[in-house]
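What follows is a pair of complexes built around chain A, which joins chain B in one and chain C in the other.
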Partner chain A sequence: MRELRTTVTIAFNDVEVEAFADETVMQAARRNDVFIPSLCYVEGLSVWGGCRMCMIEIEEDRRLRPACATPVNPEMEVYTDTPKLRAHRKAILELLFAEGNHVCAVCVSNGNCELQDMAVACGMDHVRYDYRSPRRAVDASHPKYVFDPNRCILCTRCVRVCDEIEGAHVWDVASHGADAVLITDLATPWGDSTSCTWCGKCVAVCPTGSLSYQGTAVGEMEHSVSMISRLAVARSRGEWLDPEAVS
Partner chain B sequence: MAAPIDLHEVAERELSERYGFPWRIKACMSTACLSAGANQAYEGMEQTIEKEDLALEARLIPTGCMGLCSRGPLVRVLRRGTDEIMYQAVNKEVAIDIITDHVRDHKPVETNVLDHNIPFFTSQEKIVLENGGVIDPNRIESYVGHRGYQAFERVITRMAPEEVIEIIRASGLRGRGGAGYPVGSKWALLAAATGDTKYVVANGDEGDPGAYMDRTVMEDDPHRLLEGIGIAAYATGASQAYIYVRAEYPRAVERLDRAIRVARRKRLLGRNILDTEFSLDINVRIGAGAFVCGEETALLASIEGRRGTPRLRPPYPTERGLWGAPTMINNVETLANVPTIMRKGAEWYSSIGTEGNTGTKVFALAGDLVNTGLIEVPMGVTLRHIVEDMGGGIPNGKAFKAAQTGGPSGGCISSEFLDTPVDYDSLRNLGSIMGSGGLVVMDEDVSMPEIAKFFMAFSMDESCGKCSPCRAGTVQLHTLLERITSGAGTRQDMRDLEHLCHVVRDTSLCGLGQTAPSPVLSTLHYFRAEYEDMLVSEEATNA
Partner chain C sequence: MKNMVVIDPVTRIEGHAKITIALDDTGSVSDCRFHVTEFRGFEEFCKGRPVWEMPSLTARTCGICPVSHLLASAKAGDAVMGVTIPDNAVRLRRIVNLGQIIQSHALSFFHLSAPDLLLGWDSEPADRNVFGLMAEEPELARRGIMLRSFGQGVIESIAGRKVHAPGILPGGIAEPMTEETRERLRENLVEARKTAEDALVLFTGILDDYEREVRAFGSFSSLFLGLANDDGLWEHYDGHLKMVDSEGTIVADRVAPADYRSIIGEAGRRDSYLKSPYFKPSVGPDEDPLAGMYRVGPLARLNVCERMGVPAADEALAEYRERAGGVATSSFFYHYARLIEILAATERMADHLANDDVTSSHVRARAAVNAHHVVGVSEAPRGTLFHEYLVDEHGVLTDMNMIIATGQNNLPMNETVLQIAREWIDGPAIPEGILNRIEAGIRAYDPCLSCSTHAIGMMPLIVSLVAPDGEVLSEVRRG
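Here is the complex of A and B:
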C-alpha cells in the first residue's frame, strides 16, 4: 500500500494546481501538463541541473531557479514562460547548437530529437553565435552502438542511467570546460569496454543523435526515454506504474 | 600518551630567549622575497654572524611576509632599546654589510634603509597578518610566544560552544572568501545540524590571478589557521577538519603538514586535546589545479576524490556535505581572524571597520602602483587611501584609470568612485565585489575591453563544463570580445555581448559562471565608449 502524500496548492502562470509537498516544481509541472523545457532531466534518474533550460521565475524571488531542482513550496507562484525566460532559453539553445555539430539533415535522429523539438518549442529560428565546428572523432567500435560526440550536449543522461539503473558506470565526463567530453571506461574505445553490458539504456535515454544503433540511417533512430523512467519507477516501487502519475 | 604542551611555560621560555640577544635580525622568507633571492641573503647573514663571532650578540630569525613585496627581500633589524631599521632589496652583499656595518660597527647600511613610517605600513591594522615578519612559521614556540593557542586553550577548557558562537556572531565577522556571509550564523547552522561526524573545511583554494592573502597565512602563520579551525570545530561540534590547499602552493602544504604534526605531538590536536574531552584531527587535502574547486560544493567533491564540479544547492553543505555528513566551509582568512577575536573580544573587533562591515580585510595590492604587496586595512577605508597613500600612487606620472577587485568574478571601478569605502556592500553597489582580496590597479594606458577579454579567457579556461551557459557561453563571450578588440566588432556584436552576459549571469549553475560576465558588464558600464571606439564604423558596415 502506498502512503498518502501531502498536497499543497501552487500556481503555474497564475493558474492554481495541486502539487505534492515533497516533489519538485518540474515534477508538479509534468503531472499538471505544464510545459517546462528541459534537456538533462529524466524522471527516475538523479537530478543533474546542467542544461539550464528549465529555469523558472518565482514570485518574490530575484533569481531564476532550475525547476528540476527547486522543491515545491506551498503557495509559490511559478512563471514558466516570461519574455526573459524565453530569451534566455533561446540563447542557451543557440549556444548548444553552436557548440557541437548539429546538422539535422544528416542526423540519425532527425525528427526524433529532443534538442530539435526544444528548438522548435522555444522558437529558435537562427543561431547568433559563431559555429565552433569542432572536430570530434566518432566512436563506432561497439558492435551494437555508435557514439557521435559531435551531437552530444553533455546532458549526462547516459552517465547517470548507466551508473544508477544499470550499475555499470561505463560512461563519464573527461576534461573540463569547452573540452569536456564523454568517455567510456578509461577513455578507451567503447568496443573494447569490459564494463559495458550491451544493455542499450544509454542509447535509449539519449536526447539527440549522439548515441544510436549501428546501421541506422538518417531519421531512423528512435529513443525511448519513457522506458527508462518506467524502469526506474518499477525498480523503486516494485510494480509497473506510470512514472509521471507517481512522481 | 605524552603530556600536553604547557603553553604558559613555553611562552615564558620564548620571551626570555627573545630578549636574551641584543640584536635580532628578522629576514622575510616568504614566497615573494624568496623568489627575489632571500635565501642567499639569509645565508650571507648566517655565515657573517658566524665569521664575525656575533652568535651570542645577534639572533637571525626567518619570518613570514612583511608586506611590501615589491621591495624585497626585506630584513628587519631590531636592537634592544632602539627603533627598528628595515632594509629593502637585500641581496647577499647588502646582507653581509648589514651584519658587518650595522650589527658589528653600529652604522646602518643607509643605501638600503626602507622608511617604515610610510602610509603603506602605518595605515595598516594587522590582525590576520599580525605575525607576518614577526614569528618563525616553522616553530610552534614562536607562535606560542606571541600569544598563540591562548584563545584555543581558554575556549576548550572554560567556554561552552554556544558562548563561542555568540562571540563570533557579536563580532560581526563576515566570510572573507568573497560572499560575506555572517560567520556566526554559519557556525550556528553546523552546530544545530545532527550527525555523528561533522566536518570543518578551511578553503585555501585561492585562485584569483595575483591574489595571495590565504597563501601568506598558510605559509607564514600555519598555527594561526590550526587554532582558528580548532575553535570553529569546538564551537560547532566537529571532530574532523580538512584544509583544502591548491597544488600550486607547495610551501603552504609543507608548512601546514609540519605544523599539524607538531600540534599533534604537543596534544593540541588529536584525541583529548590538552586533556579535555575535545578531540579533533586536521588533514591537508591538495587540489588538482581547478579554479572551480574554490566553489564549496566542487571543493567537497574534490576532497571526496571525485571530479571537482559544483552541484545544486540545496541541500547546503551544513545539511549534507562531505560523505553526506554536515560540513562547514570557511575561508582561510576568515578562520585566521578567529583566534584574535576570541582573545580580544567581540567588542574590540567590531570597533574596527564600519557598521555591518567589521574588522579588517587583507588585500593583495598589485598592478600599476609604486608600492605593491600585501596590506591589511580596516574595512571601510577609501579606495583612494589605498591607491594614493598606501600604494604610493601611479608610477611614471601616469593617471589612475581603474581598480579591479574580486578577480574574474569582480569588476572594475573607475576614478570617480575612488572615494568609495572598501566594504562588501559598497563594492557590490558599484557592480564589483570585495572578492577574496585581489586588488589590481590600472593606469591610463590600459584598455578595458582587453582586461575584460583577459578575465573572460580565464573563466572560459576554468569552466568545469557542467552547465551549458557557462561552458558554451564563456566561449562565445570570449569570441565576441576577441572580435571587438580586434576592431572587427559591430553594434550587433555589442548587443549580443551584453545579452549573453545576462544569460550567463542569470542561468549558470554556480558562482563561477554567474559572475564570469562581471568584468565585461562593469567595464561596459563605466567604459562603454572604449568598446564603441573599437567597433567598425557605421559606413564600413553599410558599405
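Here is the complex of A and C:
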C-alpha cells in the first residue's frame, strides 16, 4: 500500500499550485505544466545540476537557484521566466553553441534535438561569443552506435543512465574545464569497450546528436528520454506506466 | 604597351568570378582568362565525418543543384554499403533528378540567359535581367518561373524540401511517394511540358539571328564526357562514362565511374581556385592540359547519347543535330541542348509516374560498411559530378575528392572567352555590349562556381584589359 505524501502550496509566477513536500521545484513544475528549461535533468536519474538552464528566482532570495536541485518549501514563490532568467539562459545556450561544433542543418538530430528546441524556446538567434571550433574526432568504432564529441554538451545524462540504470558505468568525464570530454572505459575507443552491454540507454537519453545509431542520416535520429524515465520509475517503485505519463 | 580589360564580377552566373583580357601592342587580343575567385573547401572539412551524413553535408555546396550532390553522395553511400538499392528508390531518385534538371535549366534559360537572347546583347544593362524580361515579355517570364517552380515542387514532394532536401540517403530514399503526390505531379507535368515545347519553338525561331554567336561562342573542337547506358539513350543518373570527340568518334567508353581516374586528370592554375580536369590519355607528362580539354553538361550529354529515348525530345534532337551539322561543337548550343533536356525530362518523368510501382513502399536498403574506397557519379544539370570517398572501417571519411561539372568546363570556358574577345574586341575602346557577350559566353555553360571550388580556392566576375607591361587599362566590375 502506498504512503500518502504530504502536500504544500507554492506559487509559480504568482499562480498557486499544490506540490509534494518531498519533491524538487522542477518536479513540482513538471507536474503542474509549468515550463522550466533544462538540458541535463532527466526524471529518474540522479540530479546533476550542471547545465544551469533551470535556474529560477525565488522571492526574498537574492541568488538564482537550480530548480532541479532545489527542494520545495511551503509558501515559496517561484519565478521561472523573468528578464534576468531569460538573459541568463540565452547566455548559457550561446556558450554551449560556441563551445562545440553544433551545425543543426547537417546534424543527425536536426528537428529532434533538445539543444535546438531550447535555443528556439529561449529565443537564442545569435551567438555573441567567438566559436571555439574545436577539432574533435568522431568515434564510430562501436558496431551499433556513434559518438560525436563535437555535439556533446557534457550534460552527463549518458554517464548517469549507464551507471544508475544499466549498472555498467561505461561513460565518464575526463579532464577539466574547456578540455573536459566524455570517455568510454579508460579512454579506449567505444568499440573496444569491455564494459558496454550495447543496451543503447545512453543513445536514448542523449539530448543532442552526440550519440546516435550507426547508419543514421541527417535528421533521422530520434531519442527516447521518456523510456529511460519509465525504466527508472519501474525499478524504483515497481510501477510500469504509460510512456506518455512519464517524461 | 600592354592593355588589360577586367570584367569583375561576371554577372548572372552562380558564384564569383572575373575575366581578364590582355591586348598586345596593336590593340588585338593576345589572351583571355576566366578566374574563379571564391573558395569553398568541402574536400577538407568533410574529412572525419561519417559517410551517412555526406549527402546532406555535401548538398550544402549549392543552393541551385543540391540534388546533384545528394545523388552522387548517396550513390557513394550505396557503394560503401555494397548494396543494390530497391528499384523504386532508383525510380524516385531519377524523378528527383529530372525535377532538378528542369528547375536548374529553367533558371539558366529564362532567368539568366533569356534577357540576353530576347532583350539583346546591347540593351540597357539595368534592364537586361529577369525583371526587364518581366516588363517586356511578362507571359514568357511567368511561364519560365512556373517551370522552375514545377521542378522545385517535384524535389520537395519526393525528397522533403526544395533546397537541401533531407530525403535522399545512402541506401535509397527516406519516404515512399504517395498516390496523391503522384497524381498532382502528373497534372502539373502538362503545363511544364507545354512550356518546354514553346521555349524550344521560341529558341529555334531566333537561332538563325545568332549566326555570329553560334560561330564565335566557344565553337571549337573538344572532347565531350557524359554518362551513357547500354541502350545508347540519354542518361542522367547511372551507367558508365563515355567520351566522344567533335567528329562523334568514341574515344573512351564503358569506363566504370569508379575508374574515372583512368581517363580524367586534374590540373591546378595559379590564377583561379577552379581546378582544370582534362582527358588523361591526350596529355603527356608536363604537357598543357588544354590538349585534353573536354566539355560536360547538356551539350556533351546530347553528343554522347545516340537518342533521347522519348518521342518529342528525339524529334527535337534530330532538328538540333541537323542545325549543328552533326556533333554540336558550339557552346552557344548549350542553351538549345538545355531546352531539349527539359522536354526530355518531362517525358521521362511522365513515364516514371505512369509506372504502378512508383508508390511502392520498398525504397531503402540498409547495411553496414562493406567497402572503403567508393565513387558516386551522377549527371548534374551542368555535367558529370563525381564524389570519391575513402572511409575507414567505421564509415568515417579519411579522404575525399569532388570533381564538379563546372570545373570540367573550366578549360573550354577559358577558350570560349578568348574566342569571343578575339571576335569582337579590336582596340582598347570596348563597348559594354561586347563585355556582355564575353560574360554570356560564360553563361552559356551555366557555371556554378560556388559548387566547384573545393581543393583550395572563388565567382563574382570582373573583366580586365591589361597592357603588355601589366598595366590595367580598364576594368569592368559589376554586382
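Methods note: the second predicted complex is superposed on the first by the 241 of 247 C-alpha atoms of A that agree within 3 Å, B and C clash if a C-alpha of one lies under 4 Å from a C-alpha of the other, contacts with A are read in each partner's own complex, and residues count from 1 in each chain.
Please note the rule applied: contacts are C-beta pairs under 8 Å (C-beta built on N, C-alpha and C of every residue); 3 or more make two chains touch, one makes a residue touch a chain.
Note that the structure is predicted; figures quoted are calculated from it, not measured.
Asker: Between chain B (first) and chain C (second), which does A:H88 come into contact with in this model arrangement: first, second, both, or neither?
Answerer: First partner only.
Asker: Let me test your reading of the model: by the given contact rule, A:A234 touches which partner, first (chain B), second (chain C), both or neither?
Answerer: In the superposition, A:A234 contacts neither chain B nor chain C.
Asker: For A:V146 in the superposed arrangement: first (chain B), second (chain C), both or neither?
Answerer: A:V146 sits against chain C, while chain B stays out of touch.
Asker: Output check: A:V8 vs chain B and chain C. Expected answer is one of first, second, both, neither. What do you get?
Answerer: In the superposed model, A:V8 contacts neither chain B nor chain C.
Asker: State whether A:G177 touches chain B only (first), chain C only (second), both chains, or neither.
Answerer: The answer is first: A:G177 touches chain B but not chain C.
Asker: Return the residues of chain A at which the contacts from chain B and from chain C coincide.
Answerer: Common interface on chain A, chain B vs chain C: nothing in common.
Asker: For the complex, which residues does chain A have touching chain C?
Answerer: 105-106, 108, 110, 137-138, 140-141, 143, 146, 148, 191, 214-220
Asker: Please output the residues of chain A touching chain B within their complex, sorted ascending.
Answerer: Residues of chain A touching chain B: 47-52, 55, 63-64, 66, 69, 71, 84, 87-88, 91-92, 95-96, 98-99, 128-130, 132, 153-154, 172-173, 175-180.
Asker: Which residues, counting only chain C, touch chain A once they are in their complex?
Answerer: That would be residues 48-50, 52-53, 55-57, 60, 164, 166, 169-171, 174, 366, 368, 394-396 of chain C.
Asker: Provide the residue numbers of chain B that touch chain A in the complex, in ascending order.
Answerer: Against chain A, the touching part of chain B is residues 290, 292, 307, 311-312, 314, 460-469, 471-476, 479, 496, 499-500, 502-503, 506-509.
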